[in-house]
Amino acid sequence: MHNDNRKIADEIILRSGVNPRKCMKCGKCTATCPAFDRMEYHPHQFVYMVETGDIEPLLESKSLYTCLSCFACVDRCPRGVEPAKLVEGVRNAVIRQQGKNHMTADDVPGKLDSDLPQQAIVSAFRKYTK
Amino acid sequence: MQVNKYRPLIVAFCCNWCSYAGADLAGNNRLNYPADVKIIRVPCSCRVNPSFVLRAFQRGADGVIICGCHPGDCHYTSGNYYTRRRMALLFSMLDYLGIERERTRLEWVSAAEGAKFAATMNDFAEQVAALGENKRLEDLRCKR
Amino acid sequence: MQRIGVFVCWCGSNIAGTVDVQAVSDALRNEPGVVFSTNYQYMCSQAGQDIIIQAVKEHNLTGIVVCSCSPRMHEATFRKTAAAAGLNPYMVEIANIREQCSWVHKDMASGTEKAIILGKAAVAKVNLNAPLTPGETPVTKRALVIGGGIAGIQTALDIADAGFPVDIVEKNPTIGGKMAQLDKTFPTLDCAACILTPKMVDVAQNDNIRIFSYSEVEDIKGFVGNFDVKIRKKARFVKEDICTGCGLCTEKCPVRKVPNEFNLGMDNRRAIYIPFAQAVPKVATIDPDACNMLKSGKCGVCSKVCTAGAIDYKQQDEILDEKYGAIVVATGFNPISMDKFDEYAYNQSKDVITSLEFERLTNAAGPTQGKLLRPSDLKHPHTIVFVQCVGSRCASCAEKGKEYCSKICCMYTAKHAMLIRDKYPDTEVYVFYIDVRTPGKNFDEFYRRAVEEYGVKYIKGMVGKVVPEGDKLKVQASDLIAGKQLHIDADLVVLAAAIEPDKSARPLATMLTASMDTNDFFTEAHPKLRPVESPTAGVFLSGACQGPKDIPETVSQASAAAAKVIGLLVKDKLTGNPCVASANEMMCNGCSTCERVCPYGAITYIDKEFRMPDRTVATRRVAQVNPAVCQGCGACTVACMSGAMDLRGFMSSQIIAEVDAICK
Amino acid sequence: MKVSYFPGCTLKNKAKDLDVYARKCAEILGVTLEEIENWQCCGGVFTSKDEVATKLSSLRALRYAQDRSQPLVSVCSACHNVLKQTNYLMQNDQAFANKANLYMTSNESCDPYDGTTAVYHYLELLRDVVGFDKIAEKVTNPLTGRKIAPYYGCLLLRPNSVMQMDDPENPTIFEDFIRALGAEPVVYSMRNECCGGYVTMEDPDFSKSKSNAVVNNAVSFGAECVVTACPLCKYNLDKNTHTIPVVYFTELLAEALGIKEDCDNA
């Protein structure tokens, strides 16, 4: 089981191109994160948990869908770790599995209002589905 | 068992501050390597003119190895960087001359790396021996 | 033709155990040039050396080959022996048949064969040896210290105390450097001015020290013991020897709004100014960019009020030519610009300041007379946030800041935080840190006191964003131990900006041909064993120009550099290594390639007249090697395309002869 | 000057005015926006580089511009972000570029995309090609005295290593633009913080709090109006805050150039 976790974590590292070992644990990503209040696991925890292979809680977490992809953590990280890309890597590892889409086309009409720009729907759909 | 086992002739240029001292350390620690290796002391690996290497091949050497301080550790600050570039050029030219590139090597050996020196010489001697006797480069100046 | 003697050492059984020494001496007896060959149990012993001396005399030897242990062991011994026998010591060559033969080979036959070949190579080399004499150069007994901060001050004082004259070149109007701007110093909390200004006075009063303030080094030529330096004394428009430093001009000057660099722009000075009360030299300087008289010819107030008549609007820059035996670099550091870190709103709020600015804010001689008032509205701040590692420890891929730890920030921040809590117990102080690094005598105890006795709130985490809103600074930060994001309404934010070498260091290094690392810190000759010398002979390093340092470390290095300088200046002459490069002028084509590869700047080009075969005289550009500067690496000999450059002691012909002897 | 123009879905639908102003203003400034034939949606976000399929629409636009030796211009921040990041990947990741070009060449028999197209946001076009000084000369109706807060959001600036538009923490391009129109830019700290983005669909309260923080900060610095280049930012700010107006930057430009009424009637 533990081996499987390590494998998933390594796959995420490979696909996202993020090297979590560069992290010096300063916490600036988490200090920067505008979505902190909505997150169960915070950017620095994502980096640490992928590094150590403690991946299961992340795969189950709602935090995957609250990251705004604002990239503030990427630009402010003093070590060039790119936490947002890692969050995306974990999210991709989940939604690419069969039946794990976070949003379906049927969900969309309920979330619309008359002014919502197309951009929002397309972005959300691409972020949340395979 | 072969009676007349082929022995290659190997010339090793060693810089005075690191590699020559590394060779001495190999001696102090009684680390064996083939007697085929003959060392010439130079102040710095950057003193080794590519023509010295060619001269050795002209005179019948089967292999030439140049040893210097590790990059960044040169006693003269930057000499081994020159060596690295010069030898890269020389080695690529050897192909054109018809000398196998495996007959040459550039290695960084520090004064503390006696074991590395011996291991390098063992490995290099084996590598050169496997290639067999070298074609002697002709020195046209010596031709009548 | 040489008359060579060969001496094969047994080294007890060390050599003789694996090498047939008799066979070696017999074989070498037949080599060209060899007139005598023998072997002995211990060649390095007195008896062995006597054999050599005896043989030189009996056989009229001109060269010696000793087949023995490594030249790194006994080359010096046998050179002395040769000298004792009346030979030039550089007529000796060693064939290393112990470390590189008998000790690494087990087989007698192959060991003997190799020893003979190594001996032949040494004989071939000696046949081409020439007597060498080390050059001697005189030493100018005066030192130059570049930079007048605490590093330069300490170095200069120590050199002067040993009785040697020293000049300090300082680009600012006064010496004192960064330390003069500091308030208190860790870990003892004595006031910086109280311990620095007496030293500045000592410098001013020391007969052996001259201060060239408001001056810059413009050009450096020469080499160890003999540097020629051009110094530009910038026009300060005040006669230094006449000005009494009374300061009346600085009170009457009508140009009042010039940002005061000593207080980091947090208040203003006049166009004519004395940086601070204890300045050395205590003379006024006119800022030509601000002075009405110099800009438009209309004013002249300072000249009118100066009873000493020291003002000189026509003063020009002056170039001084000085000679020195040694140069000490003490150019110091600066905090980096905060422009790339505007997530902390440094450019948007006056109440976001750097730690150096904070020093001025708490200094009794600073813009607020030492009262802790925030710059925007001069109110007392009640919540203060310190941010550590701003621009330090950044990966190169992050494209901003520096990769190294700035080393001093942890301690000065602990000091700032402690002092605030001591003076203003009603103030909340937060310190956001990545790691607290306190390796130093009494340093960790000091930091713990800040936490335990003074109640400074140290939070393991980082600040991500500072948003000025109303009269507050909204600080968004992480607390990694609590797993929280904190939102603090602060009144003042203090950034521990990374430090970097002064911008003047890079051009100076070029002038000195001294090497630097990628961060523009000067490189030491050896990171452990020669930490205060530059690889360039005669150039020494003092203080933060070599790497981030606090005051105790800077002072230690400053004194160490002084000791090295004194060790150089006490010598009347420097004896060089005779194995140096030299150019054959007839073959040199003036291409400058050798000049470019020389790591020491030992090669220069001169125009020289040559008498040609047809009796005309032609001027040609040829290379000249300065033997006092050349260290004998030989890089130039290989770079030389015309074959003009050769290295004494390791001539191309000698090395080729060794190759031939080995390959025969 | 002619440029290839990628309008994007939103500009054809909910943000038509952004598009109309951009085109008319470009005409006055001597730039012709040639709309790419049969452009496809950029996808809204740039996702992980291990996906090729989601990059193909951008790639088609990039090559369309390459074929015409024109720069590629977009107005919508999201489209610009995706185009620019795709271009960066094509320039810097040879393995990706080879793979992506395989898809292209098999469908359409033409040369592979070589990474040479310059990708401009409309603002960069104004700054680097037209020049803010030239714009200032063409202003007939200067917005004198108006205090305008630029809102950059995320997509124009980040990731900075790719976007390279301006300093990500201390940008000035929008401020300089506002100055060129005769108005006074309001510099405030939240100008590069997130408005809540697409998460507004799932968690509207959350984007409300983010949007409010941005606008309140701008107001505290004396802003009378917020400008943006992003339809989603405008939606979030508009919907969640009602203190000051939020407008597209092209609308301001049209107003300053004296053609706003023409556009509105068009």
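As written, the chain order gives the labels A, B, C and D, with residue 1 at the start of each chain.
Assume a contact is a pair of C-beta atoms (placed from the backbone, for glycine too) under 8 Å apart; a residue touches a chain by one contact, two chains touch by 3 or more.
Given the structure is predicted, the values throughout are model-derived calculations rather than measurements.
Counting C-beta pairs in contact across B-C and across C-D gives the higher total for B-C.
Chain C and chain D have centres, each the mean of its CA atoms, that are 50 Å apart. Per-chain CA centroids place chain B at a distance of 36 Å from chain C.
Rounded to whole angstrom units, the spacing between the C-alpha centres of chain B and chain D is 61. Taken residue by residue, chain B touches two or more other chains at no position, since every residue touches fewer. Within chain A, residues 37, 72, 76 each touch two or more of the remaining chains.
Those residues of chain C in touch with two or more other chains are numbered 343, 465. Pairs of chains meeting the touch criterion are A-C, A-D, B-C, C-D. Residue ranges on chain D touching chain C, taken from their complex, read 160-161, 167, 169-170, 187-190, 193, 216-217, 220.
The touching residues of chain D, when paired with chain A in their complex, are 8-10, 13-15, 41, 43-45, 47-50, 54, 76, 78, 154, 157-160, 168-169, 192-194, 196-203, 206, 210, 230-232, 234-235, 238-239. Looking at the complex, you find that chain A touches chain C at residues 22, 24-33, 36-37, 42, 44, 72, 76-80. Across the interface of their complex, chain D is touched by residues 15-17, 34-35, 37-38, 65-66, 68-72, 74-76, 82, 85, 88-89, 92, 111, 113, 115-127 of chain A.
The touching residues of chain C, counted against chain B in their complex, run 70-72, 96, 98-101, 103-107, 110-111, 113-114, 117-118, 121, 515, 535, 579, 597, 599, 631-635, 637-639, 647, 650, 652, 655-656, 658-660, 662-664.
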